[in-house]
Amino acid sequence: MLYPTRRSVLGAATLAGLSLPSVVRAQAKEPVRIGSALPLTGSQAGYGKDFDTSMRMGAADVNAAGGIAGRQVEIVALDTQAEPQLGINAANRFIGVEKMPMFFVSWSAVVKAIAPIANREKVLAINNGANAPEIAHLGDYVYTTFPLADVDVTKLARYMYTTLGKRHAAVLYINNDTGIEAAKLYRDTFTTAGGTVVAFEAYDPKATEFTGMLLKTRAANPDTVHIHGLTADTPQVIAQMRQLGMQQRVTSYSAAYNPKILEQLGPAAEGLIVTSLAPGVNDNKNVQKLLDEWKAAQNRVPNGLPYDQYQYDMVWLTKALYEYLDKKSLPATGDTLKEALLTVKEFDLPMTGKMIIDGHRVNKPVYLLTVEKGAFVPLATLT
Amino acid sequence: MLDPVILAQILWTGIATSAPYVLMTVGFALTLKVTGLWNFAHAGLMAIAFYTMFFVLNGLEWPLAAALLAAAVLTGAASLAIEVWGLQVLRDRGSGNLTFFIFTLILSEFIIYVITLLFGTEPETLFKSILSPVTIIGQVAVSDWDKVAVGVAAGGLALLYAFLAWSREGQFLSAVADNARLAELYGISAKRAWRVVSAIAALFIVAAMYLVGTHGGVVPNSPLELILTAVIGTLLGGIGRVFAAAAAAVFLGLLQSFSILVIDSRWQNLLLYGVLFVTILLFPRGVRLPPLRLLLAGR
Amino acid sequence: MEYLATIGVLIAIYVILSSSYDLVIGYGGLSTVAHPIFFATGAYTAGLLAIHSGMPAPLNVVLGGLAAMLASVLLAASALRVSGDYLLIASLGFQLGLLQLIKNLDFTGGPGGLTGIPGTVTGAARTPFFLIVSGALAVATVLGIRAIVKGPYGRAITAMRDEELAFTALGRDATSMKIVIFAIGCGIAGIAGGVYAYYFQYISPDQFDVLQSAAILTMVVLGGMGTTWGPVVGAVLLLAIPQAITFLNLPPGIMAPAQGIIFTMLVLLFLFLRPAGIVGLARKTL
Amino acid sequence: MTPVLRTENLCKRFGGIVVSDAINLTIGRGEILGLIGPNGAGKTSLFNLISGVLRPDAGSIYLNGVAIDAAALYRRARLGIARTWQNMLLFRTMTVLENLLVAPRTYPGESILRVAFTRGAVRQAERAALARAMDTLARMGLEQTANEMVVDLPFGQQKLIGLARTLMNDGPVLLLDEPMAGVEGAAYETMQRVVREEAASGRAVCVVEHNVSFIRDLCSRAVFMANGRILQDGTVEELIASAALTELYFGV
């Protein structure tokens, strides 16, 4: 939705974030205010709102655990609608109005749009949701705590070749910034591993009809199909694929790790392999706690649980950064926080586990899940 | 690659998938033919149609028949309201082409915002599962959805043809389409014709959205993209030639499906617009607009 | 302050856009929706030149304007051969097609958008500088258009809009006049695009689609078509009010659609109750 | 001497309807030709063909012996074929004066470049146009209406403004489409006087008119048209005398 009127909408949470119980205010020192630019409205709001909720849960837990050196944490979330222009306004508001030395941001287009500002103003912008490989090259003040596509896609491709012994892969991808780069990565990794990519097809984000593409793929007869699309189109592609009698094992990535897909595909989802960049309930007991919090608060599971785990953890990451600064008794600026991020380097986070900041990249184990009897079950953990 | 089975499969699925586009294009083209307006309010009507069905099916959990009926009634009413309290007022005022465009486009946006407020922006489908059972007919996979789609589209076209050709009302429509003023002289009420058309268009829209909503996810914004296909179909089909527009819609669908055999799939969509470009820039005379001023009443 | 200044730059750019759009549809009476695509043409031309050529920024911005002008002449010349009404739909197709092309090409950054546009001006002076530049351009545009529509040329434009047939039969070449007006308006939009690209250093195709058309249209209609100050008022309102609304502190889920509803409803109300907009004198038809 | 305007075998049909069937017509210098006939006879269509609104299917049009078939509507006006319209088509959002000022045969103001760079020439042309406009209005006793909006004037005066606007074009040919329809009283007199003066000044005038007495007063020669054909060409008396035509016309 691209109304400039809505481009310049800023999340109401700006002020909501401030309205903590006055008791807390009174007894607390100057609070640590964490900026978070997310699509709270618009087509991506389904995720954005849940991400915000999860981060606030993280804040609540940090505060319950004594906050950051006695300082309370406040989340200041601004709406981006996943729109560059709104993202820019949000970034300017964080820097100019809220005077924040760092803030978190998701969605590739928004990260790209705010990068120039962060670099100009020497404010640390941390991507914690977008995975466009380009993000590694956006400048000196743009870092990521969320693994970029080159982490999960490459590991998945290698797994398909070595472990599952697939030799002929087909890659179907949505023709937008999410799909294009990731698809190339899968192709290159799979080929260097020794396999051959027999079909490499893009489809338009608006497309609803994939027969031609699928038949072309079928004729190339691959033994595995990687689909890199969005939650809206991926199920449609798989459905039409099955209807055309293509039974190959389908792989996708974290976007397909979504209950809606099971609903829409029913039996056709069986065998689907998806990636998750965060440990699941069985790998990490804390995750159950988050899910319970969600049950209690919203009586449902969040959209895109792994992403939510990262959102939750960002508060703890911030805590770690600020504690480093306090130890060194440095003021919190873009530069010092950046220094903190790069020197601390290793973070042990409650929901996502060990996180190693590797320059402008971050390396994380990739958790594979597959669909069995209509449910996602762990398949493997790739480190 | 060019083995007959594949070609047959692409042909069949291509035709089936173009069915909803055929329906909405026909509604759009017919409206243009009779009223002389590019009625972008159809996007809003599509949204109303889909979300009515969605609500009745998943909110009230009533049967499909009820959903279709409710959608038909609501969309029809909305369409009539737009005609009577919107377009007619502007006609009486002798407003220019652009005013009609602004009105219809902005109205659609308005409707879509309201719906966004009510239903949010998650992609929704009419039924939980979008998987429809497949039967193999001579090695060609035919899903139930395909059958329904083709059936509905063919039925709709046939009915419309019969209506225009044989019913009095239908002949009136053609008369008004040719020349509203003249028709008035022969005692045919243009206003009436315009209202009839807006009702018919609503029905086509409901049918189209049923097919769209059972095939994949729909968000409040989708209609604005869907309507563009209708526009392109109408353009290529040639203004005032409703069934040619329908054919154009199928042609576009097939063009895209088949083109993948020869060109990289990522260029498919561009191909669509390529065709549009060529039409606009090179053969603009291939597409004539009816003399709007004549069609506007009160002139 | 950075935040307000950025809003200021944005407002200035949209004043340029809506005023030039008003010249085309309001004064020229040319039904087009494609204004954002010429904005885009300017933005991408300037942006790409900024990245790949060593040429000075002002030159690139001007070239962006010229590119937009060229594209607009291409469209107008072919569409107007048919009829003024046809231009409306032709422009829509033109916009969609060009956007699709931008998304499919690689050197434009594809759907992901064009990153890495150099900042040119750096340091604290940057935003004030752009505020001044864009502000000056906005003023120049508004006054320039005012100058155009006054005097003999403006008289001819008005006559053409009122009764094209009679106008032509008096020996006036309406078609070339239309093409010229279209080219001027779209060229200005292209320049605005160049400034936008240089200031925000990132552009993506989705920023220039049909909803963007509707937005600029809203500014013009709300402010008052065929008036000097109407588009200015419209642009300021549509960009400033949302900022104000954010301080009402509504839940965001409500806010964005609510704003859309408010503005679209306003347009509809004006269309029927006061066709000439906030500024315009009540004229009978648009 | 060559006639100012000559049409040769001019043909035009819309589907089944023939609006112009091999029309051969000549109008000489200073002549006022009356064009009469029932509705749908093709009189206005003939004007549209001559002035270039319509393209003939066949035939040619000569202005002072030169074929102008290739010239577009606006070029023909510049060549000096001026016309009025049955329903005037005045510029409704403009004043009387403005309506006239855009109407001269050549108007530098229509080129943005010339407006921008040859200010002097433009200003001069404007002055000339202003003088001619005021003069024309004066001839019709309308100078005091100069700055009123045309839409505010009574119908009769609007008709005169329509003529005045056309007269800004000082070309050799003047085509008047039902100048008298709905006009009476003072305006009627003025209309007649002005048309006479124009003819006297050497222009070739052609008038489509139902008001026979107006034609009789004005025209030495008249043409009777029906179904796109010229049935008779002669003096007004001859035409009116012809029972056949009268029947056709008045449908007795």
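The chains carry the letters A, B, C and D, assigned in the order they are written, with residues numbered from 1 in each.
What we mean here is this: a residue touches a chain if its C-beta (ideal position, glycine included) is under 8 Å from a C-beta of that chain, and two chains touch if they have at least 3 such contacts.
These figures come from a predicted structure and were not determined experimentally.
Novice: Give me the set of chains touching chain A intersected with the set touching chain D.
Specialist: A chain counts here if it touches both chain A and chain D, which gives C.
Novice: Using the mean of all protein Cα atoms as the middle point, what chain has its own Cα mean nearest that point?
Specialist: Answer for the innermost chain: C.
Novice: Would you identify the chain whose Cα-based centre sits farthest away from the centre of chain D?
Specialist: For chain D, the chain whose C-alpha mean is farthest off is A.
Novice: Taking contacts as defined above, which has more of them, A-C or A-B?
Specialist: When the contacts at A-C and A-B are counted, A-C has more.
Novice: Report the inter-centroid distance (CA atoms only) between chain A and chain B in whole Å.
Specialist: Centre separation, chain A to chain B: 38 Å.
Novice: Which whole number of Å gives the spacing of the CA centres of chain B and chain D?
Specialist: It comes to 47 Å between the two C-alpha centres.
Novice: Indicate the whole-number Å distance between the mean C-alpha point of chain B and the mean C-alpha point of chain C.
Specialist: 30
Novice: Two or more other chains in contact with one residue: find those residues in chain B.
Specialist: 116, 120, 266, 269
Novice: Would you pick out the residues of chain D that each touch at least 2 other chains?
Specialist: Residues of chain D never touch two or more of the other chains.
Novice: Going by the contact rule already set, what residues in chain C reach two or more other chains?
Specialist: In chain C, residues 104, 211, 214, 218, 253, 256-257, 260 touch at least two other chains, as defined above.
Novice: Using the contact rule from the top, write out all pairs of chains that touch.
Specialist: Applying the touch criterion to every chain pair yields A-B, A-C, B-C, C-D.
Novice: Can you tell me which positions in chain B touch chain C when the two form their complex?
Specialist: Listed in rising order, the residues are 38, 89, 93-99, 101-103, 105-107, 109-110, 112-114, 116-117, 120, 224, 228, 231-232, 235, 266-267, 269-270, 272-274, 276-277, 279-282, 284-285, 287-289, 292.
Novice: Any idea which chain A residues touch chain C in the complex?
Specialist: 1-6, 8-16, 40-42, 45, 49, 79, 81, 83-85, 88-89, 92-93, 95-97, 108-109, 112-113, 115-116, 120-121, 132, 134, 138, 175-177, 180-181, 205
Novice: Going by the contact rule at the top, pick out the chain B residues touching chain A in the complex.
Specialist: Touching chain A: residues 1, 6, 9-10, 13-14, 17-18, 116, 120-123, 125, 128-132, 134, 136, 141, 143, 212, 215-217, 219, 221, 225, 253, 256-261, 264-266, 268-269 of chain B.
Novice: For the complex, which residues does chain C have touching chain D?
Specialist: Touch list, chain C to chain D: 148, 151-153, 155-156, 158-159, 161-163, 165-174, 177, 180, 184, 283.
Novice: In the complex formed with chain C, which residues of chain D make contact?
Specialist: Per the touch definition, chain D meets chain C at residues 51, 53, 73-75, 77-78, 83, 85, 89-94, 98-99, 101-112, 115, 122, 126, 165-166, 168-169.
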